[in-house]
Each structure stands twice: as structure tokens, then as C-alpha cells.
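Working notes, beginning with the structure itself.
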Amino acid sequence: MKLHEYQAKELLARYGLPVPEGRVAENVESGLQAADRLGYPVAIKAQVHAGGRGKAGGVQLARDRDEAREALASILGMTLRTAQTGGQGCRVRRVLVEQGVEICHEFYISILPDRASGTMMIIGSTEGGTDIEAVAARTPEKISRIHVDPFAGLQPFHIRRLAFELDLNECQEKQFFDLLRNLYRAVTENDLLLAEINPLVFTAADTFLLLDAKVEVDSSALFRHRDLAALRDDTDRDPLELEAGKYRLNYIRLDGNIGTMVNGAGLAMATMDLIKRAGAAPANFLDVGGGANAVMIEHGFRILLADPRVKAILINIFGGILRCDVLARGVVAAARATAIDMPVVVRMEGTNVEEGRRILAGSNLALVTAVDLRDAAEKIADIAGGL
Amino acid sequence: MKLHEYQAKELLARYGLPVPEGRVAENVESGLQAADRLGYPVAIKAQVHAGGRGKAGGVQLARDRDEAREALASILGMTLRTAQTGGQGCRVRRVLVEQGVEICHEFYISILPDRASGTMMIIGSTEGGTDIEAVAARTPEKISRIHVDPFAGLQPFHIRRLAFELDLNECQEKQFFDLLRNLYRAVTENDLLLAEINPLVFTAADTFLLLDAKVEVDSSALFRHRDLAALRDDTDRDPLELEAGKYRLNYIRLDGNIGTMVNGAGLAMATMDLIKRAGAAPANFLDVGGGANAVMIEHGFRILLADPRVKAILINIFGGILRCDVLARGVVAAARATAIDMPVVVRMEGTNVEEGRRILAGSNLALVTAVDLRDAAEKIADIAGGL
Amino acid sequence: MSIFIDRDTRLLVQGITGREGRFHADRCRRYGTRIVAGVTPGKGGSEVDGTPVFNTVAEAVRKARANTSMILVPPPFAADAIMEAADAGIGLVVCITEGIPLFDMLRVRSFLRLTGCRLIGPNCPGLITPGVCKVGIMPGPIHTPGPVGVISRSGTLTYEVVHQLSRHGLGQSTCIGIGGDPVVGTSFLDCLQAFAEDPQTRGLVLVGEIGGSAEEEAARWIRDHLDMPVVGFIAGLTAPPGRRMGHAGAIVSGSGGTAAAKIRAMRDCGIHVCEDLGDFGGFCARVFHDLAPEIVFGQDKASPPDNTTADSFSARKKS
Amino acid sequence: MSIFIDRDTRLLVQGITGREGRFHADRCRRYGTRIVAGVTPGKGGSEVDGTPVFNTVAEAVRKARANTSMILVPPPFAADAIMEAADAGIGLVVCITEGIPLFDMLRVRSFLRLTGCRLIGPNCPGLITPGVCKVGIMPGPIHTPGPVGVISRSGTLTYEVVHQLSRHGLGQSTCIGIGGDPVVGTSFLDCLQAFAEDPQTRGLVLVGEIGGSAEEEAARWIRDHLDMPVVGFIAGLTAPPGRRMGHAGAIVSGSGGTAAAKIRAMRDCGIHVCEDLGDFGGFCARVFHDLAPEIVFGQDKASPPDNTTADSFSARKKS
């Protein structure tokens, strides 16, 4: 779960990390009041869950009240389109108004769990304020990576090594020790999958300041962070994906017209691949879970049907623990309840499969039964060809 | 470094651990005032660095003011002799006056680093309030040992396991989780070599209480615990051992009459053994350090000569880094400065040993040079035989 | 022979008094697995379907000599349960639980490195040695004993693959689902090394998916060390980049972790990659027949591949 | 041959700019050890006696290809220094520093278990392969190359023992002081296992002292696994119980850790225990002559045992 910049900074400030003074505003008037109180110049920054704001005009500097009003008016309500928002973009409802800062140097610092090595990774660079992936590709020697064992925790030698690699002077190094310790603590105590400070600036006042902060929380760990769970902002998310989430269904919208419903993520992906391979295009990824039941199937149907692009449906269920006859009754009930008006190919396999197929066949619904995956792919391809 | 009970309880209370209300007193009047304020009954407990106080009369219960006065008068100023104090005993200068408690059950809990396994060990028993080593010998099944990796730290399963092994009820278990977590934190954050709660009582008021607490701090770690370093109380220690400590000499008084001075602890022990084997008795262990120099040698001489039982001295130095000629000059200078009036056997070996022997021989002092260890042992035996 | 579990497996189920725990313990028991104990704190002294329940794993190890544990407890308690098992001397822990916080798993992994315990999972279906022992939640009847080892990151996709193998007369030595989380206890590589030592296993099936680089590493190891035919499959050719596809580990980031890259790496290392899941069993039968004919049921056998249909599977289930 | 250090040792000295660090680095260099780098944070870019100084161990490893580190930094910084070396890929760390807090060492030990690094010490004289490489603070000239391995918990007591060995014509393969602290990185047992694999080592000397049970464990291992003569010595027969004898680990507690118990355990396991330190060299010469005569200088050799006296040692030093 991503936090907004202002939420991230509030969180990090609680760990003693230095952030610029700032206030959140949802309209021009309150934004101007905030700017007046902070004193000019100010930075006005769109609060959306997407990187690349700056290039898209979502961050503006204002030297005085007039410029601030202009910036606020242009950013608030704008639809921001960046590489990360997708085509539809996302509307700016909130800005962060921050005190301007005189910058001496911009660094890059991030802490994140490194899945491959099972350690915490700290990434640092003297090339702050820019696209760090570009720096890594162009001048890899300018990226420092420190691995920290999660049990051992951050040791002085880790910090010292990074400080030397960033070529910090003595005054900077002393502050850097506390800064990195606090940031590491914030990450580990809050289950952050990412805390990225870009740029971390060293100001004319000889202090470090977290000018921008990108923070992502592990959704699986929200049960122990009620304060963070309360910060969830779903306004930018796809409504169907949100709806699916309510029923613990994994649903992702794609661009095709064949709706799919599968139990298990791996099999769901493989089913999408199968549809593509047969010459059709999947409209979505929908995993109803390895232990899917009739109720989940019904919720799945409703989500699929709510997408107007879906013209046909492929259901692929490998009944393991769940018996196929039970499943078949669920499919029939759900199909009736949702009044499906398009072709549905059902492939089921596993325990009691014959009984299941009998139930589907006797349902008087327009359900097409496939005997195996190859058969299912051929049938869905036939249907897609006729759409 | 051992803490007094009252110091230990103050430390542990800072970690949220429940200790009885109490006050320290150094005379009968202030002790009575404390008892009056706490309300009767009270416990009056001698504050000395020695276990076994109870059996020796150092802990008394007083039901009213008269009993309290009597107890205070008898304990304050008494010389307590327990198995741990040695023959000379130690004088009680301070008592802890504590509120009386109605006890339902007495447990034993201690946390200490286990050197062999390199883990933190938690020991628990339902047989609190007694000599735990006797319990371990008689009924080992009543002792629970939990090993905690110092990196992993205390996990819920550790506490759960101990709670089940102590057969705690639900009400106790809930409190026990916090209690053990806090005690563990106190141990690790303060470099405690031992935190022993015996007894940990469960009271009639349904709460745990640390009735006694024995705490030992790692002397090597005092540099990072200034508050604990300030608690050092050396009044009970041997004055010569204290004096030696000032010069970073390892000195331990024994019962014989042959003073020894050796560089290195292992060689010092082996030299004591050698004296014993030759039929004499060492008066002390004195390790002047692997890198001994002339100044250390002089301090060592002064300590040895301050013990009136010492009738002869054996110096055994293996000059490694330090050259023997330099050492010999140091011995001669120190012998002159301290006006030694007893036989001194010097055995030195290592770099420039011939030059060193020449210096000793030419000193006109009554120094007996030994060519090797066997020779040294024989010479000291001869001397001891003539004493 | 087999890897990790066999006739000597003495299974403990942590969370046996829960709905899922009890259900799957029963399924494993019926498959033939020796379930010697359950653990639920506070329920010690009771029984579940005849299996004694203890308060702690230490007690279950001491009194019931459990050597393997299957964990079905809710995510907030799963990491502690794994560490408890490892600490108590359990040699193999299979954690089914999905949704364990990543940091918990990092700590668990460091903890396990301090012990001699192997973890399979979390977020996995477990593992099965057909006809001998099942420690997991997979449907038992789709499996048949034989010479093919199966390693997979998925659940139902593995069932699909195994089902097709069985239908084509390709029995399995051991089938392992290593789990779909980004941090798992046992990697493809660990399984490969174990299979390489197993005399029963003469062919391997590797089922991967997008995300991470475990498949690439496995492929390189196979090229350098393994002397048996390997068939690979990768799910997620059509997965859009940057989205998490169900499994927490299934995400394509930047140019890394794509299905196409994995397939290329596998082919470069001599692995026979099947791209059509509908024909997976047939593909395997052809590869193994050409390279290691002893793996596939011969013509002279009573039960030629295509007779073992879904119907006969269903019938076998009922009998 | 030898154990742990040899001609390929590329030594880094952590704390080389300190008084002790510089002195001992120089002594090691003069003995023939290749000192390739020093590390002192903030002094990177300078030189000490011709050796380049770096800010971090990682840099010293990268630029000077150090593979072994000797640590002489004050106790508050020693644990961090050890972990830094291990983290940077150093294979062998020798920590001379005395007075490291016990909890620091517990953490260091867990840290090392997560890496492939071996620690010798702390609070130890280091180790030496006579004539080849010295990583420690022992006086070099008392050592002579030969077939006897020496393992000890002490400093000067080891010098005494080695000196007597050399005087009796018993040269050493490698001499290790494992350190006098209660928690050390490398145990007697670890050293024994290494010596058992070393073709040069044909006899062993084990120098123990009161406290702990490391000697007893070592003795049992020797009984069960080692096929060469072993001479033992234990210091502290006259040590009073409950007092710490200099070394933090040298304390007799309860009935455990006494010298008498250790001597008994060693004898029970077939170790030849010498009780008279004054005759240690002679004792060894007799034992090794009877059991493994190839270890002791024969009569036909140019240099019969009793010619190698303290004087000739002294003369050798000067030359």
C-alpha cells in the first residue's frame, strides 16, 4: 500500500527524521493560507499515488503569493498523466504546500527488503533528485548498495561505509548516522516495503532534509499497524478491482474481451496465456483462490459481468479439495442469479468431475463444457472468432 | 559488577517490572520512618554483595514498629558471614525496608548469557524462594531452560513455552508475557550477566512481584552504561585487590606465603601450580598483563609487599614483545624503589634473555636468577623450606 | 525413494484444532501420512480425530517424536509457529499459510539459518511422495508413484501439471510446491539439488512463473550439474508489467522477471520448455520418451498413456 | 602445510594507525607475513610503513585483495570491526582486543554464523605458522617449523610451551591461541578438526585452563576421531573456586570447570597430560618419541634437542 508524500513525511518525522515544514490543502484558499504562514518561496506538490509528478507539472515552485495562487489553481483538480498512472491518469484532489529550501547537494537514499538475498538493502547515491534507475543504468559505480541482515540490524560499519562511499564530510557524517538509524527503524518498525528519499538534500543551513519521500507499506502487515491502515486512499484505484478486493478476489483488468475466472494465481496466469495462444485476448486476471467455493464463484461472475468489454467467459477450476459436483452447483446457481447473457465455457477437473459435468449439462443454461484444457482453448477460440 | 538489591530493583522498575515499594536506610531512625510510611508488616533486608543473607539473619520480617526497631538494630552494623562472603564476612551498612506482601506462589526466573551455546538462557522453576541449584540437583525436571538467540531475540513461542512449563493460569500468563519481555529487555539493554528473580511471587492481589532481584553487570560494558558504573560499591572488597585494580593488574589474594608476579593469566595460574607442586604455597595470583612493562612491575612489587604474609617472591616473565633487558632494568629499579627485604627468584625468558640476566646479576640486589621454570621451582622450594 | 518426506515422516500439525488444520490433517492421514501430534497453545491434552494435541512443539517432539510439521495457522502467528518448530528441532516445516508479512519471513529465514531446519513455503500447497506420504493440501488421487520429480511455485497449476503427467503414464517421485511468496524457505535450487541425489527421480518438471530470477538460477544449475531430462513451464506470458498477479512474488518489474526472459534462459540451458499447457502431458511424454524412455509407460505395459483419462481418475478416486 | 594461514594469506590490519596496531603489523611484516592493507576510518589514502590505509574493509578487500584480518582496535569498536570484516568477505579474522563486552561477542557469533567467516579470539595472541606467516602478537623467534600443532587458551603460557617444544627439537605446524574469553570464535574442537585434516601435523599439544568445558569436549572428540598422539596441559590446579583468574573465562563455578576434572577427562580419553610445566618439553619429547618418533629430531639429525637452548634462541633472534 502506497502512502501519499505528506503521509510518508508525517510518519518519518515521528522517527526524528528532518522533513520540510509543510501543510496539506484541498483548495486554493487553504493552500494560499498555508503558503502565507510558511513564507515564500514555497513548493506546491500534487498528492497522488504516482511517480513522475514533476515532469507532468504536478510540482511547482512559487516565489510569491501570485505564483502560489496560479500554481495551486493549475495543480488542484488537474488530471495527472505519468508513466505510472496509465492512460486514464489520475485527478489531483490534494496538494502539499512546503517551505522552499536552499539546496547545497542532493543525495539519493532508499531502504527496502531485498527478496533475493533475504536482507534489508540500503541504496545510496550522490546523484539525488534524478531518476535513480537511469543513474544505475548509465553510471552503476555511482550507486552504493549495503545489505543488512534483518536480525543483525544496522551496524555502525554499514553507515560508515555508506558515508565514505557518498564522500560525506565530517559534519554531514555525524548527522547521517542518526538519519540512517532513524530511517532504518522507521522501515523495520512499520513493515515498509520501500522508503525512498529522493532527493535527500543537504541545505545551506548545514542540515539534511528529506525533500521527497516515497513510502510503501506491506499490506499483509497492516493488521499490526492500524494507524497506517487508516491512511489507505483508494480514490485512484479501478472500481472493479476495489470491488473484487472486498471479497478477497484477486482481479486485474486487462485489455481483451474474454473474461476468465480461475482458482489459483498460477493457473489463472496460465489460462490467460492459453487464451492468448488460442488467438483470443483475456479481459482480466481473476483468481478466486485455491480453495474457491460457490459464493466466491458468484462474486466472481458479478465482477466479470460488470466489465462491458467482456463478450465471453472461460471458467477454469481445478477442484482439489473442493469437489467438482459442489462447484458445478455453485456455477449454475451463480449463472442463474446473475442472468448471464453470453457464452460461458466451463472446464473443471478433479474430484467427482463426472458428476459435476452432469450437473452443468442438466442445467439448461448455455454453458459449454470442456473436457480438458486443450478443448477449452479451442472452444473459446471458436467463440472469439465469431464475436 | 554486582548491584545491591535496591539498585537492581530500581533498574528493573525502570523497565516496567513490578517491585515491592521500599526505601533504603542507613540507620535505625530513618529505617523506622520508612517502615512507618510503608505500613506494617515490612521486610528489612541487609544490602551486601553476598547471597545467603536470609539464613545468616540478614533478612527479617517485622509486624510492627517494635519489631522493626529490633530488626533494624540487629541488622545494621552486623557482620554478615555467608558461604559467599568468606571467613572475614562483610559489615552491613545499609538496609532495604520493603512493604510486606501476601504470597500465593513463589516462582524462580533468571536470564543470563549461556557461554557454551552463545545464547541467552532463561531459567524458570515453580520452586521459587529456595536454593535453585539444590532444586536443579534434586529435581531437574522442575527446571525449565529456554535458549534465545541474541539476534532473534525473545519470541512469543519462548514465553508461551515457559508459561506452559510453569503451568501458569490464563491470568498469570497474560502478565507473564509483559514481565518476561521487560526483563529480557532490561538484561540485553544493560549488558547484565545475570538477572535472577528469586522469588518471583504471585500475590493475593493477583499480580506478579519481584520479591528479590540479583543483578550482575558486565564490567567490560560499563563504558556504555555510565549510570550503572556509578552504582559500584567497593566497600566490601579486599583493599589490595582494589589497589591492584587501579593499575589494571589482576590480583587475587590466596592463603600461602610465596608472592608471585607473572605476565599473562594462564602462565600466572601455571606458576601458582608449579609453586604448589614444589611443596610451597602461593600467596596470590598476580597477572601484570601480557604486555607488562617496568612501571607495571613496580606497581606489582608494591602490592605484593603490602601483604604481610608474603615471605618470598617468584617473578616469572616470558618476554615476548617486551625485551628481557628492558624488563630486567625495570625489576632492578622496582626492587630498589620498594626496598625489598626478602628473597626474590626471577625467571625470565624470551628476547634478549642473556643481556637481561647480566643486568640482574650486576645489580647487587639479592635477586636469585633461575635459568628455566624447573630451576625456578626448585629454588623457590629451597627458600620456602627454610622459612 | 523420494525427497524430504518418506515412510519415516512423523507429522505434527500446528493449528490442528482450526477448521483448515483439522480438515487437511485428516486428508493427509487418509492418504497414509503418519500424523503423530497436533499443537495448539492452550488445547494441550485434548485430541483431534484421535491425534493428541500439545501446547508446544517442544512437547510434541519430546512426547510424540514428531520430525516434520505442517503449519496452518493465521498469518499473524505463522512466523512464530515456524520459529517454534525450528527451535524445537523439527527438521522439515511445511507452511501452508498465505499472507505472512514480508519482514516476518526475512526474520524467519535468518532464524532458520541458525538452525538445521528446512522450511517449505509459505503460501504453498506442500509436498507429496505419491503412494507414501502427503504433507500438504493438494488432492492426493491425481498423483501416481513414478520417476518424475515436480517442482513448482503454484498450487492449482501444479495439480493441472501433475494430473496431465499421471494421465500420460508419468508417475512422480515427489511433487513440491515451493510457494508463491517472494521470500520462501526452499528454493528451486534446493529442490533440484535434492532431486539430483534421489535415485528414484529420473526426469524433472519445473513449473515457474513471472517475477524474481529463481527460474533462471535453476536453469543454470541444471545446465552445469544435472544429468537428466527437464521439462519447464512458465506462467504469465500475458501478464502486464508492474502488476502483482495474485502471488505476492508474481510481479514483473522493469525488464526483469518476464515469462519470455525465463523461457529463453531455460531453453539456453537445455531445458525443454512447453508453451502449451493444454498439451503439457503429451509434451512430457514425448520428451521423456525420446531422452529417457524408462520414465514413460512402455507399449508393453498394461496401461497405455491415453487410457488414464479423467474418468478413470474419477473412478480411482471413488474406489 | 598448516591450518588457517599460509603463504596465500593477505593480511589486513584493522586499527593499523594506532600504536599497538602499527607495532604488531610491523612485527608480522618482518616475520614474513604479507601485510597488504590497513583500515582506519577517516585515514583512508594514507600509508603506514609503506602499507596503504583504507577507510573501510570493503575497500581494502576490493583494492588490496585482503583475505585475512588482524584486529587491534579498542574494545568498544571491536565487535563492529569484526562484523565489518566478515561482511566484507574476509575469510579469517583474528581479534587480539581484550575486554570486549560479552553481549557484543554473542551478537558477533550469531553474525558470523550468517557468513562464512572464521573468527579467532578475541583476547588472544593470534596464530602463527612458523617460518611462513604470523598473524598475532606472539614473539616469532621462539617458534620453529615442524610437525606439532599447538592449541591454547592462553598467551604467555603458550609462548612458554612453544619455547620448550622448540628447545626439545619439536617444531610446530601451526600454533593457535584461541583466546581467554568465555565466548570465542573458534573452539578447541574447530582447531582439532582442522589439524586432523592437515598432513603436516602429526602430534598435538593442547593447553587448557580452568573454566567452561571446552577441554572435556575436545578430549572426547580426540578419543573418537583423532589418530595422532596428543599431550595436554591444564593451568589452574590451585585456583580458588568462584574467582575470575585474569581471563574472563577462567572461573571455576560449582563443581564444573576445575583443573582436576579436566585432567581426569583428558586422561580418560587417552591424552597424555603433563602436570609439571617445568618439564613440559621433555615430557612431549618422551611421549612423541615413543608414539611417533618421526616428530622428534632423531639422534642422526644435525641439531640434537638439548643444543637448542635459550642462548641459541637468543642468538638466533639477533642474527
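As written, the chains take the letters A, B, C and D, and residue 1 is the first residue of each chain.
Everything below uses one rule, namely that a residue touches a chain if its C-beta (ideal position, glycine included) is under 8 Å from a C-beta of that chain, and two chains touch if they have at least 3 such contacts.
All values derive from a computational prediction rather than experimental measurement.
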Shortest path length from chain C to chain D (each step joins two touching chains): 1
A-D or B-D - the one linked by more C-beta pairs in contact: B-D
Whole-Å gap separating chain B and chain D, where each centre is the average of the chain's CA atoms: 29
Whole-Å gap between the CA centroids of chain A and chain B: 58
Rounded Å distance, chain B centre to chain C centre (Cα mean): 55
Contacts with two or more other chains, residues of chain A listed in rising order: 149, 151-152
Of all residues in chain C, the ones touching two or more other chains: 107, 110-111, 114
Complex interface listing, chain A residues touching chain C: 84, 113, 115-116, 118-120, 133, 149-151, 188, 191, 193, 218, 220-221, 223-224, 250, 252, 254, 262-270, 272-277, 282, 285, 287, 290, 318-321, 349-354, 371-377
Of all residues in chain C, those that touch chain B in their complex: 41, 44, 55-59, 77, 80-81, 83-84, 87, 107, 110-111, 114
Chain A residues touching chain D - in the complex, by the definition given at the top: 149, 151-152, 155-158, 160-161, 164
Residue ranges of chain A in contact with chain B within the complex: 149, 151-152
Touching residues (chain side chain D, partner chain B) in the complex: 23-24, 27, 75-76, 99-104, 106-107, 109-111, 125, 137-139, 141-142, 152-160, 163, 180, 182-183, 207, 209-210, 212-213, 233, 235-240, 242-243, 245-250, 254, 259, 275-279, 310-311, 313-314, 317
